[in-house]
Structure formats: C-alpha cells, structure tokens
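Multiple structures are listed underneath, in structure tokens.
You will see two complexes here that share subunit A, one where it goes with subunit B and one where it goes with subunit C.
Let's turn to the complex of A and B:
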C-alpha cells in the first residue's frame, strides 16, 4: 500500500466537516457557508490527486484498517470512481452559489444545518463512488439519500415538506430493496466485496441472484427516477432550493445510474446468466422516459418544474445507452452522466439566480428577463443548446455515442427515438429562450432587476463555459470511460 | 378495489421473493457459505487479531469498522435532518411552555428518579465493557437517551436540558463521528491505514483504550442524538 491516504481524505473530510459545522456556526450561522466551502476545497484537491493517479497508474485499492478483502472493507478506485471529479466540481460550485442564496432563502437558524447536510450528501456520494464493498455502498447510499430528503424540505414551505415526504417514502422503499439484494448476495456467497462477489457468484443457484438483480434494478431505478418510478422527482427537484436542485438533479439521480454500472460490472464478470431481458427492459423504459419526460416538460409553466421533467428525459438517454449493452451505448451513457450533470447544474443554478433576483418562477412572468440579466440568461441559453445536443456543445457528444451504440446494436428504432427526443427537448427550450429574449415583459419592473451577486454569478458562468468546452474537449471524460467500459465488457467479448 | 389491487400486487411480488429465499443455502447447514468463507477466520483469529473477546464487536469496530463509522454518520445525518426540517426561528422572547394538562404522577416521578442512577451505571457498564461482552456503545447510548427522555417527561424538558446545556450538547451530538475520525486518523498515522489498530509491537497497549474510546463516542453521541431528536420534535429546541 503505502503513500496515498487520499481516498480517506476524500470521504472522511466532508463528514468531519459536517460534524463540526453546527458547533462552529453556533453563534454566527453565516460562517457555516465559508467553512463548508473551505472543507470542500480540501476534498476537491483530494479528488484531483486521485483522478490524476487513476489516469496515470490505473485502478488501485485501499484497505480500510489494513484488513484485506474479503475480511475487511476495500475502497476500489477505478475509472468509474472518477465520477468524483464531477461530484466535487458541481458540489463546490453549488456551495459557493449557496453562500448568498442561503442567506435569502432559508430561516437563519437552519443555515448551519443546511451546509452540514450538503457536506454529508456530497461526502456520501464520494464514498458511494469509491467503495468496493456492497454493504459499504449501502451505508453511503443512506447518508446521501437521508441528507437529500432533508434538503428538499429545508426551506420550510408546506409544499416542500410534502414533496420531501413523497421522496422519503419512495427512497426508503428503494433503499430497502437494495438492502434486500445485498442480503441475498451475502447469503449466497458469504462475501460483500464486489470483486470477490463476481468470482463467487459463478457457482451459486441462479434464481436468487436473478431476484437480487431485480431488486437492485428496482432500487437504483427509483433513485435515478426512471419512468414509471419517477413520481417523486418533479416536485422534489423543483421545490428544493436551487443549489440543492443542481446537486439532486445533476448528481444524486446519477448515483442510481452509478449503482447500476457497479451491478453490471459484477454481472458481466460473473457471467451467470444472459442479461438480454434486463437490457431490453431498460432500453424500453429509457425510450419511454425520453419521450414522456420531454412531453411533460413541454407543458410546464414553472421553469424549475420544466428542468425537473427534462432530467427524467435525460435519465432515459442514460438508461437506453446502458440497455443497449454495446460499447458505444455504454460509453455514451457514461459520458452523459458527466455532461448532463454539468448542463443541469448550469440550468438549475441559472434558474435559481433568476428566481432569486426577480421573485418569479413561471415562464410567463419571466418574459424579458434576457435584457435584465444578460449574463445569467446567456448561461441558461448555452445550457439549453447543450442539452438539446447541438454541436459543438457538451450534449452532442453523448447523444452521438448513444445513437452510434443503437446502430451498433442493430436497434435503429432507438436511434430514431433518440432523435425525436432531442427534437421535443429543442421545442421546450426554444419556448424558454423565446420567453426570455423575444417576448414583451409581463411585468415591466423586471427590466430593472440587476444581475445576481457575484458569488452566484461565478458558478453559473464557470459551468456554462464548461458546457461549451466539454463539447470541444470531450476526450477528457472519454479517456477515463473508454478503458473502463472495455474492461467491463471484456468477459462477453464486447 | 384499491385495497384488493394492493393485496394482489403484494402477493405477486412475494412469490418470487419467497421462492428465492427457499433456494438460499439453509441456515445451520455446514456448507452455508456465510459460515464457511469469512467467518472461520473471524472466529479463529478474531480475539487474537483485534483484542475483542466479543466477536461481534471485533467485526463492527475492527474488521468492518468503516461501515460502523458510516452508520454513526447516518444517525448524525438523521439529527441534522430533524434540525434542518423542524427548527423554527427562535421567538423574540422566551414563551413559557404550557404545563401538561395532566399533572405528572408522583409515583412515576419517584420511580424515574430512584432508577436513574442504576440505569446510568448499567449503561456505562455496557459501553465500557462492549469490547468483551455483548452490548456496546449503541446499546448503552440508547439506554441513556431513553433515560433523558423519561426524565423530560416527568420533570419537563427545560429542567432536563439544564443537565446538557446547548454549548455542551452541540459537542456531544457529533461525538461518535468525531471519535471515529480521531481514532481512525491516529491509526492512519501510526499504523498505515485509516481505522487500523495495532496487532503487535510497542503500541499494542493502545488497542483496548482505542476500542473503548470509540465505544464511548458511540454511546455519548447516541444518547445526545436520541434525546435531541426528542426535544426537537417536542418543539423545545434540539
């Protein structure tokens, strides 16, 4: 082993930081934000070091307490774990955005708890991405889900509490189903380590494994809000404070997808049964999510509600890519995890800034805001163009890959669905941009509001730039994902 | 109708689950992998390698200590969630809490007061002896937490909270998370990995104190969190 303690820094620092937040901010709640930002800067540094290490040396392990698996818990840092890069980036920018936002949107007494919960959520996600042990995975899933439920309700509006409760009930069912699957796997093999599990699953009774796979798929699809398990998402994501929406929509739903990727890693390696039925189901549900998500988004008036439905549609793309089970399909899905996170964070933070400055959240009321807040509106426009997938922005590359994957798998129908989905998405974002730039304002006083405070503006601008750059430098995430997908599909000759 | 549908769905879902359970390796059979794979090592080497005569503690604090560290964080997250959702802005002036409609029975008050020291002694024993006998921080902490709730019910929350002033409470609530971090980082600096305990050599004497420290952290943190959640839900501040 020796040397690298960075995986520990990555996971433990945000948790310790969160534990200390209420103590430090007891007398002055406002310092909680700066403290959280400082703590998370250290975490981001650790993430940078770890990503550099995995890109130069390949995957590596860390044995907790020095106990080798299967005795103890292994942290396994592979290319999929590099998703901590996007977790840290969006987490850091959302925390920065929160500094000014929390002061305005939250009761003062709750501010320290808000920042503690955000740190816990981000730390939980880092742990989830890095662990190589399925029970440990569940523990981190609970940390991040629990903090997510509370963050939805933290503004204290009545409807927020209702949305959070719906989220909590659905989330608890999905966690339970994941825990059940973990229990089945342990009962069958006697091990919790993922690598070990893949080996030992080869010679066990296949039926209980199939049930466990079903339970995992159900659980992770609820977390990822795949149609028809999405019903908790629109309310939760639109009612939550905007930086929380960015984290939930950009990152937390992706945790469900990452969980699916981990499950596939084990299943492809174990090769105990044919996965084509599961893949076909995911592909169809993905296609239905794309179309219905986009259709629902088109009829929304509330800007954040529209973005929330658009998340469902984009999760559909990712699941379709996974279900295609061809190399390009999975690569496209994995890149879309990164790029959609960037784009959706841009859009939600941008929408947050608009709502923060104008006090309106309906498209009709927001007419003409393009003149009043040119920078924010431009950033939202870039995000909108990216999410439609117009080259050279970030969204183009992944949709292109997923379409290639569909053709590669001989599924032309799905490539067509993908194009139609992009068309629908285009329609509703055009509607939004039309309202911002070309319609006469419904409320004349909207022209007098200025841009948001600079700590809110910087994250939006940085994210918008990344949306553009990721289209041009799309090779960077690809360089992580391509070897990972090749490795994953190697046993089935993909 | 709706009820019938729900019932049908539940039955439909339970059939494959029950069938799958029937195919799992039977409990108690000697070739069940949960008994033959990792567990023999825990049983044979556990007390020697970890310093815990209680194998359950050896697993939860040592072999899989990182999971336990995560679980205490889940409990702490629950507290943060309760505070984040329930705490309302402090009123400008302290309003006196309305006395409960039914006066507390002197019998209950007497019993709680008389039993309190014994309850505390028992829970302290559970916490400190956790590494060698059944029990431990979680159990002991919950007992103290329950005692604090009982005391709040008979003496009123305000009087009970005076035992743990707010400044102290804020430190005790994350005690489990922080204690894990302290012991974990010390292990990392001295013995190589996070949450490592010495197996041999000159620091071996540190092992039992470290385990006890973690148990105390879990106990104190658990007690503070259980009581604080009760107080927050009652509306008298966490």
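Let's turn to the complex of A and C:
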C-alpha cells in the first residue's frame, strides 16, 4: 500500500520532534525554532501528499500495526480530515512568526519549551483530525488541550497563570464529559471504532445514547467556546503569546467543532433518534453567540481581547450552520471552519506584530499606527473586511452559504440574525480601522516605529493574501467539503 | 428502586461526579477546586471500569489454567490512559497554582478577582 503510512507521519513526527526539542536546544535555545520549523515542514509535506490522495482517490484508512478494526486502531483519512491542510498551514506560519517573536517575548530558557509545546499541540490536532477511533479522539484532544493550557501560561505576564488555570478547569471538565460519553458508547455497543459504532448504535436503546450525545455536545461546546460556556476564552486568547493566540483561536476552538462534525457523522449514519431538539438548541445558542459575542467585542479596548470576542461570535456562525442541519448550512459551517481559521490567524498575527513593535495593546494607544506600519495594518484591514463578509473576500462565501442554509431550512429569522451579526462585527472592526488610519496618534513616537522583522511580516502577508484568494478560489475548500457533507446526510444504504 | 439498587455502582459514580462538580463551582480555594476536579475524574473512571465488569470474571491472561469468563480488559486499558491524562492535568494545575501563589500571595479566588 504505497504511501499508506503517511497518516502516521502526521502524528508521530511532531510528537517525537517535540520530545527532542528541549534536548537539542539545551545549550543554544535559539536553534529550537529552526528545529521546530524543520520538523513541521516534514509534517506539512505529508499533509500535502494526503490531501492530494484524498482529492483524487477518496477517503482511505490505515490500520495501526496491520490490525484491522474492531481489534486494531484505525486512522481514517476522509474529507473532513483534510482540515489538516489548514492546521499545517497556520501551524507552519505561526512557527515562522514565532522565530523572532519568541526571542523578544519569552525568557531565553523557556524558548525550547515553547516550541516543544507548539509542536505537541499541532501534533495532537493532526491526530484528532485523522483518527477513526473515539477513544483516540479523546487522547489527542487531551494532548492538544494540555499543551494549550501550558502555552497560555508561558509568558508569565500579568494574569497569564490565572487565565490558564481557568482554561484548564473548564477544559478538564469538558474532557471528562467527553470521556464519559466514550465510556457510555463503549458500554452500549462494545466498540470504539467510529464506522462500527454507527452500525451498532442502530440496535441499542435511544435513551442512553441521548445521554452520551448530550455529554459529547457539552464537552465539544466548551472546547469550541459556544456562548454560555465561553468564559475561559477571552482571557486565555488575549493573554497568550500572539502566535499561540492565532493557533488557539484559529485552530483549537475549531477542534471542538470538528468533534461535533464527527459526532454528527456517526449520528446521521446511525439514525437512531430525531436530532431536531439538539439542532434547535445549537442553532439558538449559535445565534445568541453571534450577537452577544459581537456586542462584547464592541466595548473592548484591548485589541486582542476584541479579537477573542470576535472568535466567540464567529463560532456562533459555525454552530448555527451546523444546527440548521440543511445541506448548505453544514457546508457553510464547514467552510467557515477553514476561512475563519485563516482570517483569525491573520488578525492575531497582525495584532501580535503591532504589539511587538509598538508595545501598546489598546486601540487608543495604537492610533496612527497605519502610517507607521502600513503593510501590517493593510493585512489587518483585509482580515477585518474578510471577517465582516464583504465580497469578494473569504468570509463572504461561508456566510452566504449559511444564509442560504437558513433559507433552505425555512428559518428566515436566523438569516436575519446572521445579517445583524455581520453588521455588529462591521461596527467594531470599523472602530479598529478608524483608530489605525484616521485618528491623530495618542503617542507621537508611534510614527517612528517600523515594520516588524521579515520573518514576522511574511506569515502575515501570506495569510492576508489567502483571505483574499479564498474568496475568489472558494471552490478549493468546497471541493473537499461538498462530497463529505452529501455523504454525511445521505441515509445509510441509500 | 430496584433498578437503582442493581445499578448501585452507577449511582455511586453519579453522586461522586456531582460532589466534584459542586466543589469546582462553589469552593473558592484553587486547590479545593482541583480536588473537586480529581473527584470528578475518579467518578468517570469508576463508571467506565464498572461497565467492564464480568461477574466472576478472571483476569484475561492467556496461558495454563486460564478459563473463561474473563473480565473485559479494554475499559481497564482505557482508564489507565485516562489516569495518565488526569495525572498530567493535575501536575500542570498544581504548578500553575504555585506560580499564582508566588505572584499574588493568595489562592482564594475571591481575592484573585481583584487583580484581574
């Protein structure tokens, strides 16, 4: 099976690389970044090969150690696993951004640990995306969450440890509820393999399955920061080092959504009970997240805090799309996973560059920075336009699809909420751009700072370009997602 | 009532789980919150373990003298992994608490609200 082992490379390489980082960089902490970048380049290469293969040949599986399920552990690479594309892209660019950033923002002895943790987190995410076994799902979720908690605390600034502790407690409760659901599913069906599970769930009693589904939903919505469960997010995402914020906000919260998609895949196949109660709940929570997230973002002064609340609002869009349960709604939600990851990474890395160069975090202090750092500010402006969803940028496409989905499901109210949400989001990004470009500087010396070092600038520019291009070449993510969603919604045996 | 009695192990897990949740939500001391988390973890572990119990089951080790029925080894394997995860979570949480204490001189969340 030529090249069948590539999914293993995705998982094993970053984990081994992470374990070796502190050893290799013991004497010269500065080489840690280059080592991490090298390791992750291999992973990105593997991801490219796998994505090419899934787009030409369709989904395929790899059995660990040659043991076939239900005994062995299956790594399954399907269209949803193609999300490793965006994981690797943003991971690689954030690592590149970190090279210069870490030198400045972290004590020297912590630099190797920083890169090791980033690699662990990215490796965990890759594993989460490709595994076909629900217990493995839990294990990878823990790998990425634990490294995430540590990364939030790593700067040791102001309230970093407190934010990390809050994140840890919420995260641990959600992980427990996922583990509980895994235990339930196993007790009910005697299998942990996802495909097998979908088959066997049809013959069991619906009530305990509903409990397990509830526990899974709870767990994944904490990880994804759906509104009443979002309280950990703003502090954690704003206090973390900026490249880490990009990873956490762009990718880690999406892992929760990806988990939901996996659960839906199983449930749609098993068809044991009506999902409309769950869907309605998610839809409403999504709508509330959109509006409240945007309102909270409007009143923030700290630029990274604003971006963090904006993430909550955008997660609302994704959950609303999922809850609509119509084909276009789910397609829109899945595309938004990709596009919001790109946009939010642009914004957070851009904000990181601004903070790195000027030393200010508040909008008021950052006035006039548009003249001092034109390239970064332009990239942030592109990100902002994109997240509002003005055509032809990346954000337009997914919001369009979600709105279509709302109309398709006959829920006009939600289409209206979506438009209002976009309006609110527009307001606070206008506020940000206004401060950058049109207000007189609060600190005149801000006009003397230059652009960030080139290794920080390249990732920002590349991501901003992608935000524009993904709007025009939106068919690329769609070509992966459309068959996956059609497959997911198709009744089994049909 | 009878159903509750026959599933006494599940009931015990649920009660433990709720005790843990109560501690996390109500207690102000960060260490107590962490203890609550550990109680919750134990409850989930006990629940999954008891799902794998086979009455009069033997340890599933093949070889001379092995005779069925065997206990199901998979939940035990899962929970062993779960315990490792719980251990690392606790270790990380404890080190965060130490750092919080060094920085602010308190680990009562009521006092910590002020510093944010």
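Here is the rule we use: the second predicted complex is superposed on the first by the 487 of 494 C-alpha atoms of A that agree within 3 Å, B and C clash if a C-alpha of one lies under 4 Å from a C-alpha of the other, contacts with A are read in each partner's own complex, and residues count from 1 in each chain.
As a convention for this text, contacts are C-beta pairs under 8 Å (C-beta built on N, C-alpha and C of every residue); 3 or more make two chains touch, one makes a residue touch a chain.
In this text the structure is predicted, and so the values were computed from the model without any measurement.
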{"item": "Touched partner set for A:139, first subunit B, second subunit C, both or neither", "value": "both"}
{"item": "Contacts of A:211 with subunit B and subunit C, given as first, second, both or neither", "value": "first"}
{"item": "Contacts of A:58 with subunit B and subunit C, given as first, second, both or neither", "value": "neither"}
{"item": "Subunit B versus subunit C as contact partner of A:23, first or second or both or neither", "value": "first"}
{"item": "First, second, both or neither for A:116, with subunit B first and subunit C second", "value": "first"}
{"item": "Which of subunit B and subunit C A:71 touches, first, second, both or neither", "value": "first"}
{"item": "Touched partner set for A:165, first subunit B, second subunit C, both or neither", "value": "second"}
{"item": "Subunit B or subunit C, by number of subunit A residues touched", "value": "B"}
{"item": "Contacts of A:410 with subunit B and subunit C, given as first, second, both or neither", "value": "neither"}
{"item": "Contacts of A:173 with subunit B and subunit C, given as first, second, both or neither", "value": "second"}
{"item": "Touching both subunit C and subunit B, counted on subunit A across the two superposed complexes", "value": "135, 139, 142, 146, 149-150, 153, 156, 161, 164, 180, 186-187"}
{"item": "Residues of subunit C defined as touching subunit A within the complex", "value": "21, 24, 30, 33-34, 37, 40-41, 44, 47-48, 51-52, 74-75, 78, 81-82, 85, 88-89, 92-93, 96-97, 99-100, 103, 112, 115-116"}
{"item": "Residue ranges of subunit B touching subunit A (in the complex, touch as defined)", "value": "16-17, 19-21, 23-25, 32-39, 41-42, 62-67, 70-71, 73-74, 76-78, 80-85, 87-90, 166-167, 170-171, 173-174, 177-178, 181, 184-185, 187-188, 191-197"}
{"item": "Of all residues in subunit A, those that touch subunit C in their complex", "value": "135, 139, 142, 146, 149-150, 153, 156, 159, 161-162, 164-165, 168-169, 172-173, 175-176, 179-180, 182-183, 186-187, 192, 235"}
{"item": "Residue ranges of subunit A touching subunit B (in the complex, touch as defined)", "value": "1-2, 5, 8, 12, 15-16, 18-20, 22-23, 26, 62-67, 70-73, 107-110, 113-114, 116-117, 120, 127, 133, 135-136, 139-140, 142-143, 146-147, 149-151, 153-154, 156, 161, 164, 180, 184, 186-191, 200, 205, 207-208, 210-212, 214"}
